[in-house]
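Both of the next two complexes hold chain A, though its partner changes from chain B to chain C.
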Partner chain A sequence: MSDRISVAKTYKLYIGGAFPRSESGRSYPVNDSRGGFLANASQGSRKDARDAVAAARKAFPGWSGATAYNRGQVLYRVAELLEGRREQFVAEVAASEGTKRGESIVDAAIDRWVWYAGWTDKVASVFGASNPVAGPYFSFSVPEPTGVVAVLAPQASSLLGLVSVVAPVIATGNTCVVVASQDRPLPAITLSEVLATSDVPGGVVNVLTGRTAEIAPWLAAHADVNALDLTGAPEAIKADLERAAAGTVKRLVRSGRGEPDWAREPDVSRLRAVLETKTVWHPMGV
Partner chain B sequence: MSAPSTTELSEVTRDDASLRRFLHGLPGVDQVGVEQRAATLGTRSIKKASKLQAIDTAISMVDLTTLEGADTPGKVRTLTAKARRPDPEYAEVPHVGAVCVYPDLVATAVAGVGDSGVGVASVATAFPSGRSNLAVKLADTELAVEAGATEIDMVIDRGAFLSGRYGQVYEEIVAVKAACGDAHLKVILETGELSTYDNVRRASWLALLAGGDFIKTSTGKVSPAATLPVTHVMLQAVRDWRDRTGELRGVKPAGGIRTTKDAIRYLVAVHEVAGPEWLTPKLFRFGASSLLNDLLMQRRTQLEGHYSGPDYVTVD
Partner chain C sequence: MSSNWEYAPAPESRDIANLKPAYRMFVDGKFVEGSGEPLKTVNPATEEVLAEVGTASAADVDNAVKAARRAYDRIWGRMPGAERAKYIFRIARLIQERARELAVLESLDNGKPIRESRDVDVPTAAAHFFYHAGWADKLGYAGFGPDPRPLGVAGQVIPWNFPLLMAAWKIAPALACGNTVVLKPAETTPLTALVLAEICQQADLPPGVVNILPGAGDVGSELVNHAGVDKVAFTGSTEVGKLIQRSLAGSGKKMTMELGGKAANIVFDDAPLDQAVEGIVNGIFFNQGHVCCAGSRLLVQESIADELLDKLRYRVSTLRVGDSLDKNTDVGAINSRAQLEKIQELAAAGDAEGAQRWTSPVPVPEKGFFFAPTVFSDVQQSMRIAREEIFGPVLSVLTFRTPDEAVAKANNTPYGLSAGIWTEKGSRILWAAQRMRAGVVWANTFNRFDPTAPFGGYQESGFGREGGRAGLEAYLDV
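Then we have the complex of A and B:
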């Protein structure tokens, strides 16, 4: 039975809780770090990006309106499912990134997810405030999610980097459209399969695979996207993306040249980047 | 499709029996065929300049509708402002075809549209069920006409139609048409309650025989509302009416048309089934409330080269 022909998969996109093919009908081969064939992935187009934004917008009121505690529980549950798929993740990370440290990367990714899940119900007390004001008023500042966030996932770190950019976005109550690493999309696809079977409502995370340089400009200019994470943006178009995003005054999460060291202990900067502050003045009691 | 050519249309409406004979003598609708043709035409791709033109045409055909129990004069005034100038940032956007309200709000709507050329349509005749007697239906119509409505959307008595009392339905439409005076009459067939395409074809002809200026699919209160195949059947009816009499009558699908994509599919159907001369607000209208928002959003997408969002157009 050794000459059995294995079934090569053709993966699809993840939009609004469903797995549609790309509207364009295109797909592209995904290779491992040595150039060997792994699978086919959908090559998303601008219309897929449009559909994904619509799905994310639709999911936003429900997800941002859920209690922080509830969001935390949902995200912890995702961590459980990640744990259940660990062998698949280890294999995919090892094949995609050509590393022998697959195990420790997956461990770190799951830990990272749990770390951000713990933040859901702490965001309000850490970033919110009761402001001392000169007058008979209570003044409160409360953090609120920015809205729909377009995330260009890191190109090199296909799982740990991905989790590090997606988890803070949804932990704070935003919904997102993620453009997965162009050459290493498999961990992102598996993550979307995990999310589809978890309690995360459809549309909260939408995963597009394909050419980042093709999809990103449409997301950057889209008027219904509120923030753009440039982490995985190709250097050549970064400036153009920033200009396009400025046209509709998006929040930007900028990144320097090259990728940060994802293994380093995270801080709250990525949480803060996708939060707005609402300040309420209320007359003091009679 | 054509009705028996020996029958003169004036003879058809002489009595109940000949009306029945005529309507049941209409050829049956090929259900699979019409659904397939509607689906095929729906795949036609309209791009760039043509799309922009289609969007502008669709905007000029919208009957901006609010038919809620919770309607207030304030809401109607907002609606009329939007009807006159759908997108304030783009002055070249045409105004919509009409606003459509309940009879008691017609006066407010008339004041709101002013001399902009936007029509004021009013539903009447015990909308949406049509369950009342003729005197009440006529009074309802007169109320709207006196308040200044330029178009009346009446509902037919589906109970009478379905039990085969075609004469009664015919007489009612004729009476309401008389009560309309100069106002245009749109006859709502409520196709969602007629169950078959054959019935839709019969009801369409009945309304055309009785003098309806428009035939309209539905009230929007019953599901399914407007569908493409049903609109196809109705477009065939007005086309055949033109072939027999030389008169041009209109069609208005209403209810459930929410996106630009849908609207363009309807425009393609109008062009292919009835003919290009129907591509005018005088002969084709969309009964819709949220469609206009999407049309404006897509219009901006075309002009600005990137996707627009609901933050940038008025959403009601």
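Then we have the complex of A and C:
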């Protein structure tokens, strides 16, 4: 038996491709499912949220302007890296969620990522259309990303749920600010490390850890956020968040009470939720 | 200052092709001896023999179809789409990883410039697998109903002009939809398809899902007529396409035909001329004109014809013809002696029927199969060079006065694969595009291919589409 003392990891935020601590200097203990100490996570603040939105906005032109093929390649590469970190994710999911099904959860998360990677260059042909307008015009409609999406990640499903809400947002060309599961944030930070070493440009995904109820209102009210995913929002503040979101007419992604069953085969609703439809008209004639 | 700026040769090393003295056919996951007469594949740029390739007999075709059937019944046809997808993604990645080897091998076997195989053929082939991998578990969203089923075993016969790319166009959608495949590459270009077979092995693709049988037309005929084949996909000449369609009459087999073309490339008087010249050159001299959708009929508005032709001839005279492995080569070798003779014969018909021939003064290698870029002007619609597919670096130039005349002339063909439109006016592009009886219309560009964009012809250019959502229909029981 080796008596080597292991090197413990510091879990930090992920903003604009870098891993800063919270500007507030705060952290909070993260425990496993039986209450044992796992790590201290950064407790993100209002200013961290604003920094993250700025980073997401800055990354938006490049990411949304990349070809769908390129985005697909980049996202598929993330799945390849997830596969390489499989054991680490299994351990973290098992510790965070207290489940023995860690392996199948991680497998499902990797497959989910691949599923969404394959959507990048199909969204336009499935959701777009040419419009047979009654006149000498060529009219067509194309789906486009809505912009910066604030994602309140699921509280229970720390990896599969997280992947299920983040992948569709970036597959469609949006950028996002994700508030990780408050009590189970470690898989989200590890996912950030995967993203940071992948070809996903910095700022496309930004991950905040901390108190969801503290950070969410600032994101809901932020004028440079285009859509808000309420999946992981505490029930008690959901209506308030929606009210705040109305200030800049944010698109809302709402799931019902309780957490969806993430193991179920996904549908395209999360892709559609973060897409705009742009219709273009052009005259036809000599 | 003198203008003696010569190009230094910039050859790609042929060692990269990893050429082997002998290649064997691929059946049921293994490379095996074929019992047909072996063929020798030749580098058309030097006429040297590259390798000996085993070919299939009728019995081999039967074995391959049975292997494909077993793989379909037991594994591939039942596998969840998400699992099929992962195999196809692997193939895409392996093509990307072996891209340089494939590009050099393709140029050696086919004669096309290395720049083209490196920048177009191989990356587009990888992209095709990548795109279709994503469809494998999303077929319910493709618009053919909630759970579309595969057809079974696909028999596929492909041409020599884009050997690897055509294999990708055929295999990728077939596998994504859940079919298994027996594919016959062209007699003169079997090598990259057999490396693709090796890639299938490296990807751990279950045995029998992809089978590759080199050989000539007789093998193709055995394959498409085999009773165990549920789906036939053919890319090649209209003549052979008609033969296949006729021989499959009453069989109930689903067919896709991607056949010949005689595309019109229409240049209106308001077109950006320099840009149009580049597009015309790309349209007819890309891949030595061995392109079914080549812009082989240039229709120019009369008022700008002289100016455009001057610019065009100057630009064409700068194209470098020669060694397909030289990165400075623009136009490579004609794929075979037979094809070269066909081009020579049709060009002679142009002379005989009164068209004006202009040939680029570019030096052409003495060895190998080469044909200098050629432009015929004063071409009339009745001439053979305006009606028949030359499939070589020969452009026929006709003129028109009004847009309606341009449309009428463009559509005056039994083909209907592609068309080009050059004008600065958007409304005119859309007006003309609407009137083209062709499956692909390029506006202010030409010869663009993408796995997301369906490709295929009207009329005698064939039926069925490859690529995009529409292309999936060819491999689904819908």
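Heads up, the rule we're going with is that the second predicted complex is superposed on the first by the 277 of 286 C-alpha atoms of A that agree within 3 Å, B and C clash if a C-alpha of one lies under 4 Å from a C-alpha of the other, contacts with A are read in each partner's own complex, and residues count from 1 in each chain.
The criterion applied here is as follows: a contact is a pair of C-beta atoms (placed from the backbone, for glycine too) under 8 Å apart; a residue touches a chain by one contact, two chains touch by 3 or more.
All values reported here derive from a predicted model rather than from experimental measurement.
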item	value
Which superposed partner A:W119 touches (first chain B, second chain C, both, neither)	second
Touched partner set for A:G247, first chain B, second chain C, both or neither	first
Partner chain(s) touched by A:G72 [first = chain B, second = chain C, both, neither]	second
Of chain C and chain B, partner touching more chain A residues	C
Which of chain B and chain C A:E276 touches, first, second, both or neither	neither
First (chain B), second (chain C), both or neither touched by A:A221	first
Shared chain A surface residues [contacts with chain B and with chain C]	none
Residues of chain B defined as touching chain A within the complex	305-312
Residues of chain C defined as touching chain A within the complex	82, 85-86, 89, 127, 130-131, 133-138, 141-143, 403, 426-428, 430-431, 434, 450-452, 468-469
Chain A residues touching chain B - in the complex, by the definition given at the top	50, 53, 57, 218, 221-225, 244, 247-248
Touch list for chain A against partner chain C, complex	68-69, 72-73, 76, 111, 114-115, 117-122, 124-126, 138, 268, 282-286
